[in-house]
Amino acid sequence: MNDNWLNESDTPHEECGIIGVFAPNEDVARMAFFGLYTLQHRGQEAAGIAVADGQVMSMHKDTGLVAQIFRPNTLDNLKGHYAIGHTRYSTTGSSLARNAQPFMIETMHGPLALAHNGNLVNSAELRQKLLEEGVGLSSSSDTEVMTMMLARAKGKTWNERIKSCMQEWRGAYSLVILTRDCVYAARDAWGFRPLSIGLLPHGGFAAASENGALRTLGCEAIREVKPGEIVTLSENALVVNQAVKPVNPSARCVFEFVYFARPDHVWDGQSVHHVRQRLGEELARETRVEADVVIPVPDSAIPAAIGFSRATSIPFNDGFIKNRYIGRTFIEPTDSLRKQGVALKFNVINENVLNKRVIMIDDSIVRGNTMGPMIKLLRTAGAREVHVAITCPPISHPCFMGVDMGNYDDLIAHHRSLDEIRIHIQADSLTYLSLDGMMRAVGRKDGYCQACFTGIYPIDVDVISAKTGFEKNTK
Amino acid sequence: MNDNWLNESDTPHEECGIIGVFAPNEDVARMAFFGLYTLQHRGQEAAGIAVADGQVMSMHKDTGLVAQIFRPNTLDNLKGHYAIGHTRYSTTGSSLARNAQPFMIETMHGPLALAHNGNLVNSAELRQKLLEEGVGLSSSSDTEVMTMMLARAKGKTWNERIKSCMQEWRGAYSLVILTRDCVYAARDAWGFRPLSIGLLPHGGFAAASENGALRTLGCEAIREVKPGEIVTLSENALVVNQAVKPVNPSARCVFEFVYFARPDHVWDGQSVHHVRQRLGEELARETRVEADVVIPVPDSAIPAAIGFSRATSIPFNDGFIKNRYIGRTFIEPTDSLRKQGVALKFNVINENVLNKRVIMIDDSIVRGNTMGPMIKLLRTAGAREVHVAITCPPISHPCFMGVDMGNYDDLIAHHRSLDEIRIHIQADSLTYLSLDGMMRAVGRKDGYCQACFTGIYPIDVDVISAKTGFEKNTK
Amino acid sequence: MNDNWLNESDTPHEECGIIGVFAPNEDVARMAFFGLYTLQHRGQEAAGIAVADGQVMSMHKDTGLVAQIFRPNTLDNLKGHYAIGHTRYSTTGSSLARNAQPFMIETMHGPLALAHNGNLVNSAELRQKLLEEGVGLSSSSDTEVMTMMLARAKGKTWNERIKSCMQEWRGAYSLVILTRDCVYAARDAWGFRPLSIGLLPHGGFAAASENGALRTLGCEAIREVKPGEIVTLSENALVVNQAVKPVNPSARCVFEFVYFARPDHVWDGQSVHHVRQRLGEELARETRVEADVVIPVPDSAIPAAIGFSRATSIPFNDGFIKNRYIGRTFIEPTDSLRKQGVALKFNVINENVLNKRVIMIDDSIVRGNTMGPMIKLLRTAGAREVHVAITCPPISHPCFMGVDMGNYDDLIAHHRSLDEIRIHIQADSLTYLSLDGMMRAVGRKDGYCQACFTGIYPIDVDVISAKTGFEKNTK
Amino acid sequence: MNDNWLNESDTPHEECGIIGVFAPNEDVARMAFFGLYTLQHRGQEAAGIAVADGQVMSMHKDTGLVAQIFRPNTLDNLKGHYAIGHTRYSTTGSSLARNAQPFMIETMHGPLALAHNGNLVNSAELRQKLLEEGVGLSSSSDTEVMTMMLARAKGKTWNERIKSCMQEWRGAYSLVILTRDCVYAARDAWGFRPLSIGLLPHGGFAAASENGALRTLGCEAIREVKPGEIVTLSENALVVNQAVKPVNPSARCVFEFVYFARPDHVWDGQSVHHVRQRLGEELARETRVEADVVIPVPDSAIPAAIGFSRATSIPFNDGFIKNRYIGRTFIEPTDSLRKQGVALKFNVINENVLNKRVIMIDDSIVRGNTMGPMIKLLRTAGAREVHVAITCPPISHPCFMGVDMGNYDDLIAHHRSLDEIRIHIQADSLTYLSLDGMMRAVGRKDGYCQACFTGIYPIDVDVISAKTGFEKNTK
């Protein structure tokens, strides 16, 4: 296996964070930078900012972390009051630079840039249509397809053209679009991915994947971009267009609550931190084990573990120390070292688990390859029993809307029963939160995509199509 | 001010982490790498590893994070079974590379390398003595002084020579020393800084600043290097020499408990995590305010906040989100953005503090420049009252034993009263843990250095001397 | 002025060198690398190689020198038997990376890559047409325009599609085109830029801008790609298509002889080195000055100076030393240092010019800003007289076919008389070779573009159009 | 073989170029930079500049080319009116950075920096003495030994201390030494390596290895630093001290004329360019072959080839094109490509050698591994006969004074006869210039070291000692 286990975690991966800013009186590139910085957890592979000044558009993007990509002089070269930005998680190594966002092109209507969070389920067919219309494509990215479609879309205004494309795009997308004198924010009809708007303190508006990014810019979210809407960030007011009819019920990604979003985000009107604590409380109700201590897998499961502890009165404590500076390393332990238990990512606080019956709370199990070693670490540290409780149901189906959970073969819950998984990870017990329990914690009956748990996709997915395309021919 | 507030925190800074490994059957450079990796929190500016194979010594060191400095081929070039490593925090920018450790030299007795955690209080005079003996010095580092003294020390063996130098060195030092066929670990007579020894599972020994690094190598600490000892890591057994008489009582740095060490470290026989929770409990006893929620300043104050919550029954909750990917950035907000509240390092979870009386727990206040903005963030998020409680007494005196807290002018508690500090940071109340309370949490009456709180230094410090030297002449 | 005089020379700049290789039995990426390496003098800003293996196409390109861009593992990732490569000179800093070549896209007929040397005079209108057809363009490059046109061209085969595009492209282009299983070489109807084909010793063919690159691959040029031809490099034989009718007479760029090509190139059946010596001989005939020594401006004018010396019997000698390691520096002398004569690029060999009447031979004067300082260096070294003789006529008109000579305002010969130029550079005399003399040296009466000397362009040039386009809107 | 044949040439390698500047009214770091830039041909591996302002000394050094190492801000950090600089050629890869110069240390008399060109033959014993005196050494460099000896030397002034050390140093050294308020230039008693002094146009003095570097700073050499002298660069006048008695006759390195120095240098009162032409003339007298063309191996042999041509009336012409942008590449041809004749460093101008009897002039043969391939290139290009003529006698003994020619085993002329060498390189004839002929060209009977030709060393060399030392123990 070529994977670097030090850098990998057994979690779903989100594709990106986006930001759009219109600030008539400000240094807009710098604002986009600070926004992206706060969205860094949504993608660490590449980032970019495009800025327009009413006439000219300029862009800087590269692979790496936001803080590495942008230097003072890089930002100084990005002049203007309109900006969009993107930070990207990517699975593909070789074509990384070519797939970085935003995508910027020249069109007959002037320059255009786009940054996208999500995945189109009909991208293969849209791509094929473009190719057949004689448009060459230089990347394997949905985003280029969307940009090229906008370049040739019908309509007198960008609003009309964006609307016309949205009628063809099927799947998950939250978008920020930059023209030479405007920033647009748009969201698919299902509302899969988040996108909120804030009113900037000195005039103008910002759009961002998460409220934390808005708060970093000194403002609070005033509304979401609603499913099917195009929102124009303009000087005096937001202009809202209902481009496509919202699907009812909507299909928000429940994983924003479970794992992706930072706890300070508010999604569907509810605090992520709060929902996570309730996930822990619901999980407590469904977990029938006796234990001495509740420990979280840091960092995402901490609020749920606190909730679990409150609901059960089993004391909460830290059990794992996570190496904060881990970064990418290309050094791997030799087999001999591995056998000796060399462990980089987590260490155990022995005294907190020694001779104890431990309940370990985590947010999800995808491939099932890190839970086993963690349980072993706890047992080596003297834990008497290790019970695992997960704040969502078993993930048994892939996501075709842009969350990288691998395919059917990768998913341990697709091909193993609950008890087989428990044996595989060598836990004393294993509890997944039920779908109902999860939705009770979320406080909604519907409006959420549950496809990865149920296999019932909110959109017809042509699985074959979702996997073909450009990658076969160029790299 | 030239400082970059994004990268700075208002905490004491430790000078380094060290590791030594003798593994007769293993890839010793790789082990040193994994050990350093786990000690990364003790210094992020530079790191290095020196390895000996019985004849030849080789070294690689550079500025940056451990994961950046070492690549597979770098480690492959470091052959042998004896290794020492160092990770460094540094205040000086310009001379960074020249002061990286280990220091390696050729001596009349063969090659020698040394890695050092601490600070000599008589280094200026030792340096002057070396210069007057006609030894040129190429850095401003204590470590070079120590290495050069070892090169000319009297004695037939390295043990004798190390012993003879230890009799001249006054101050804080935990050392690992590499010769062509041996690794030594040594510690000053006061025992200021930690250094523990572990027995490797496949033979040999490791020494490290913290137990977490030993655990990463698959072993537990079997003993500390005791004050005044030289411990030789050899194949069959540890060889222990009492080089200088241990000072009684010893003067362990209490800040290892308060802030420096990772919670999984065991210092003076006590778990750091456990002591931190007790610091919170003691602080709870001394803090006379009513509140609705206890929130920690992440990450170091989390265990204390949990302890505080337990002792008071005021609910614990997360209040701040810390940007995990912060890294070094060279971008600063413009004044205009700053006025709008652009904040990168922390965001607040609004709902957890809205309309609440908040007790914020932190480990220390040094300069007092970050507490104010954090309190403001809480108030902006709707906190009704903000009370601050600190898990140690006011820091009113500099450390001359290697912890960078700045000088007298820098220390807010040196020139302001408790109430002045409270007003400066705009807290509703401010409580520092008492010296007695802190020591109760630590579970010891003496044996700890309290100089930064009391001004009573365990060693006579010539303050002038501690600040002069090489820096004036070269840079 | 922002220019860095240390890095600039007063010569025309060529846009690029190209290479194409089909080698059924060889490591084709490595061959493309060695070919580009030999073409480095035709462009030092960026380079790239695209390779196909019959199915998949892969590419690596970046800014920098060929030797910096490609590492062993970079080449190992480029698998296949079909390759094209490009090395680029560029005037634009900001958009450098985006304009690097080859351009690679996916089309409805599979992957396609193209590398181009030249300039289309109708690119603005072709670009506009594409935009109006709804094709977005991501760079300001002709090459992207050409690639996108190929993607939508009519025709059943690539040969047909290339042919159909060539009928629309007006201007200078020598091209190598890569599909998943073929390499094509094509040249405009005027034959502006060179492109030769060689038969590889172990099978297959190579195409390259210069014979030196072919010789580096172990073969000699067997033919040029003739004006208007598409040549398919296939296993058994070359397949030649006359795509457009060749213009008669053709319009080869005479500057390949005067300056661009390496002396070991053969252009239009004549050795560049040989023609340069004859340029010197012709210049000797037209230069009516007495002198003691002939010195060249190194390196390009050396053969002409040897020829001049032979024809006049005035001894040839070195006069200038050129700093071979000059590279890019960002350091400029202060005014004070400049006044003291700080000179980096050239030093004079004093004894060779002291008290002598010097004839300095150079290949061209474009802006006229380096000749003056060089003459001053000679006088400071003691030259009694300095006569300048140039191996081509005055350059008074810009090139719209891809050679960067600046625009009308930049060209000193456009707005100054011969004597004004002489006074400006402070020469004792100034002789330009006559058009007839130059053509005598070349050994041809016609077939060469002389537009930069005469203003008579071989193609109707819409000067406005040649300068507008994408750059205004994005950067 | 691990060597990279693309980057290697079969020439002796010089160890460095040095520069010293005292400029009371100028930006001295920038001047040192420009000086080093002009000395780049004397060393391309590493470079450094140290500057003093009367009190503080600062330094920047690194591996790479001068233009890469220094940026505007790097120079801006080097404040003061006293500077020394160094550019280094090095054979050792691993310890490169540690051996870069200048060496800067703090001494009891203040800061000290030193840059050195040459090699001490008694360095092993001086190093041993230092080690035994208890001085640790951190590099394998002579220069550190010299610096450390200066730090402990007897004497009231730096002049006295330098003098006292010079009495112990045996071997080749030209030095520039920087203290906090002075620059010294010194040269060994034999005068092996060049060092000249120039009077700066705006006050102050400069010292440099070659006159070209002085000329770059706007001045001419006014004198050499004579053998055994220390010259103090001060405001009003040069202060000269005869530190050691000059050896008579002196032992200048004749290779400065043959190969090292740039042609614009003046060495021992004679122009290097002029001597090279005379070397060609003398060689012509001793070469008894008939031929049609004389071609040089570029660049160093060009003046000799011109001289040869003048003396024989056989026409001079270019035969080889040297790739000017070669740089370091890590790509090597496969065996298959190599067999096909892939050749990067040189291409032949076919027409100039086709059917001709060629005399190829080169400056020296050291290992004899590049001459064979070059002759083969000429034959492949159609040369009828290839005669080789070398502008110095056979090199049959190593240099222990700092020129890297390899050891006895490396030198082809040590273990092969003239005819065996001729057969090895497959030349039709091979002529070396005689010792007498070489000295006639130089215009001196004695005063030059001829050890590499005769084995008679001007200093007793303990060959064993010259090879031992630090390298064995650390790397």
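Lettered A, B, C and D in written order, each chain numbered from 1.
As a working rule, contacts are C-beta pairs under 8 Å (C-beta built on N, C-alpha and C of every residue); 3 or more make two chains touch, one makes a residue touch a chain.
Model, not experiment: these values are computed from the prediction.
The most distant chain from subunit C is B, comparing centres defined as mean Cα coordinates. Per-chain CA centroids place subunit A at a distance of 48 Å from subunit C. One simple way to say how far apart two chains are is to compare their mean CA positions; for subunit A and subunit D this gives 60 Å.
Distance between chain centres (mean CA atoms), subunit C to subunit D: 36 Å.
With touch defined as above, subunit D holds no residue shared between interfaces to two or more other chains.
Shown here, the protein chains touch around one cycle, each chain meeting exactly two partners. By the document's touch criterion, interfaces exist between A-B, A-C, B-D, C-D. Across the complex, subunit C is touched by residues 25-27, 30-31, 33-34, 37-38, 40-41, 44, 65-68, 70-72, 75, 200-202, 212, 215-219, 262-264, 271, 273-274, 299, 302-303, 306, 316-318, 321, 323-331, 333-334, 336-337, 340-344, 347-352 of subunit D. Contacts from subunit B toward subunit D in the complex involve residues 55-59, 77, 94, 103-108, 110-112, 128, 131-138, 147-148, 150-153, 180, 470, 472-475.
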